[in-house]
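Got a structure for you, questions after.
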Amino acid sequence: MSTVTDLVQWGLRGASQPRRRALALRVGAVLAFLGLWSLASGLVVLLDLFNPIFLAGPWLVLGKVVQLAANGQLWEHVGATLLRVLVGFTSGAVLALALGLPAGHFRAVRNALEPIVELFRPIPPLAMLPLFIVWVGIGETSKITFITYATFFPMFLTTVHAVQQVDPLLLRAASSLGARRTQLFFRVVLPAALPEILTGIRLGVALSFFVIVISEFIGAEQGLGYLINDGRNFFLVPQMLGAAIVLGLLGYGGNALVVLLERRWLRWEHPPSA
Amino acid sequence: MSTVGVGGAGGARVQIEGVHKSFTLDGRSAPALIDISLEVQTGELLCLLGPSGCGKSTLLNIVAGFLPPTGGRVLVDGSPITGPGPERGVVFQEYVLFPWLTVAQNIEFGPRLMGVPAARCREITARYLEMVGLSEHATKFPVQLSGGMKQRVAIARALANSPSIVLMDEPFGALDAQTREVMQEELSRIQRVEHKTIVFVTHSIREAVYLADRVVVMTSSPGRIKEVFPIKLPETRNRFAPEFTHYESEITRVVKEEVAKVHE
Amino acid sequence: MIRALALVAFLIVWAAVSHGNRSLQAMNPILLPTPGEVVAVAVSLARDGSLERHLLVSSLRIAEGFGLAAVTALALGVLVGLYTPARLAVEPVIEFVRPIPPLAFLPMFLVWFGLGETSKVAFITYTTFFPMFVGITASLLRVDIMLLRAAASLGATRLQLLRRVVVPAALPGIVVALRLGFGLAIFVIVGAEFMGADAGLGHLIMEGRVFFNPAQIVMGALLLGIFGSLVNGLLLAAERRALRWRALR
């Protein structure tokens, strides 16, 4: 813990690190983690602690991923998962925007929609998954509609909130400059609400990867979730960990995509000079 | 640390000796303060005046012990400072009250840290609440106060800790013009009772002439001392007296030269 | 008021649609249970005491898993928030593991800890740890340096800065992090109980699917929702009381 002198100079964050050094530290920490993992799995083998298949080292996991990628199986599963996420999430986002934007803008729409959404929201979406399966069967449709259902809530609520939060002074300023109703909406409300809407979209992306796994655990013949659960039945730990890591990479990629959009569309929030 | 003692009045001497300060950004070092030497006398109210970004707040942060100087040193009653200390009270522009404490709890924060008995704490709090005219708001939380009230609490909090030196960083900068003048009058009234050594940072020339025993004008960045004006006016000052206006215009002329440099 | 109205309206619509479906035979009536049927399932399960057992089992798993995660997240979060070298070492690893959806690890936990209670509790601990840890660390790092300066200039020692500034200033954020963690626990307990459990609300829901009894699924989902919002409401009320100074105007 730092001294009082350090605390008043830097706060709890501590002195800021030069860029190069910060990057080196990050890479070092992740490498150290991988090293520890290898060490642990190596020790299990060396000391014969328990069946080594339970703790496969990172190299085994990487090898499995490379093998699955080489024989094409990995791409099949990745493709299946991505397609479900893409369709499910996009429908969720379109629905959330289509209902959320008017609900944020018009009090009447909000009063009609919000209480119903609030009614469903406390129910953990996973609890509804079996209902989707019973209703639309175990195929693609149930998986996709389930993602749509699960991702709709956070995106709808952030959109409503985003539009509601728009500073009324901005609206006044724009209408005094002669903006008409539709212009107000597209030129003021939308850009002003965009940062928070995009935050909601990011939540939605994360949530779709969160819930796709479990719907692929239950009755699927393809997808990374299937790969993980399939691995469980045969104690194929490298396959399970490998698929989980690939899923993490996809989620990371999805997040990065939204961040990229944020950078492009919200340049005014963080101008390059600052 | 020699003059710490709760309830005591009076000031201490501050010596700033050859202080340099530079900041490093992306591996490059830029000077902010160059060779500042100043002596603030016991019980004196000294105003630091200069264009924005000239490093006057940096200098105050160094005296407060928040930032270490790159070179030189600061002495309080002859001994060098190593960090913040209760003998140097600070009043910030943004008030910085503890939002989870009531007005009274904010004021007694310092004495409580020192382990002053509860009964004595109450006395001290009551006294300073009255001094800043907030006795009726003792149990309110900071979010419930106006800007002027918040700054009164901040001043009471600093004084209740009986520092010998009070450092004020544009304390009235966030207030509206009327409140600002009222606060200036209150500060000068309080100072006539408390006789603290005060270093007061401002960019308002009028404020400086109204409050200060001496005004130190700094150059634009990197900050150096440009000129020092002793203000020889009576304790109770009249903003419309010809002598007052005379000081004002003379200092304005000097400051303008520096402001002009920033825009070159 | 509006919420109560919406609830009533929703119940009426639900009853109308499900009963209408029954008389018109638009789709298999089993698929769209009426409110009455859902209540009937709840009553019959409550009568033989199994509802109580399922509720208790789920609550215990949530309490244990969440409690363990909260304690760990607090300990590690405080360490990382106050000790910069620890932060530089731990943060990248957390960021490396965090993008992996926790549910992807559920089968791993079953392999590691078996089908019993341990795997479920451990899984909830694992899942809820990350958001709580991140939230706690962030709220510590957000503590305004000016508050530290103000207290230090009033003579606070290191320990006093910690106890009288850092703790109260970070508390609101920490409480929010814990509340989010609890919400997540309710979210994932269902998933954990879908797979290899013989009791718990998630198991009850899954049973509803296996025996083709949608009324039981709906009942389980509703119970979870009610349970979640009750606890959330309690936590919110506690939060408001503890942090009175924020809300006042």
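First chain written, first letter: the chains are A, B and C, and each begins at residue 1.
Note that contacts are C-beta pairs under 8 Å (C-beta built on N, C-alpha and C of every residue); 3 or more make two chains touch, one makes a residue touch a chain.
The model shown is predicted, which means the values in this text are computed figures rather than measured ones.
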| Which chains does chain B share as contact partners with chain C? | A
| So which has more C-beta pairs touching, A-C or A-B? | A-C
| remark: chain A and chain B have mean C-alpha positions lying a whole-number Å distance apart equal to 49
| query | From the C-alpha centre of chain A to that of chain C, how far is it in Å? | reply | 18
| remark: Multi-chain contacts in chain C, i.e. residues touching at least two other chains, fall at 144, 149, 152, 156-157
| message | Among all residues of chain A, which ones touch two or more of the remaining chains? | response | 3-4, 8
| field | Numbers and ranges of chain B residues touching at least 2 other chains | value | 65-66, 83-84
| query | So in the complex, which bits of chain C are touching chain B? | reply | 144, 146-147, 149-157, 160, 164-165, 168-169, 171, 243-246, 248-249
| message | Show me the residue ranges of chain A that touch chain C in the complex, using the header's touch definition. | response | 1-4, 7-8, 10-14, 17, 25-27, 29-30, 32-33, 54, 111, 115-116, 118-120, 122-131, 133-135, 209-214, 217-218, 224-225, 228-229, 231-232, 235, 237, 240-241, 243-245, 247-249, 251-252, 255
| message | Taking the touch rule as given, give the residues of chain C at its contact with chain A in the complex, in rising order. | response | 2-3, 5-7, 10, 31, 81-84, 87-93, 96-97, 99-108, 110-112, 140-141, 143-145, 148-149, 152, 156-158, 161-162, 166, 186-191, 194-195, 201-202, 205-206, 208-209, 212, 214, 217-218, 220-222, 224-226, 228-229, 232
| message | Taking the touch rule as given, give the residues of chain B at its contact with chain C in the complex, in rising order. | response | 64-66, 83-86, 88-90, 92, 94, 96-101, 109-110, 113-114, 141-144, 157-158, 161, 167
| field | Complex interface listing, chain A residues touching chain B | value | 3-5, 8-9, 18-19
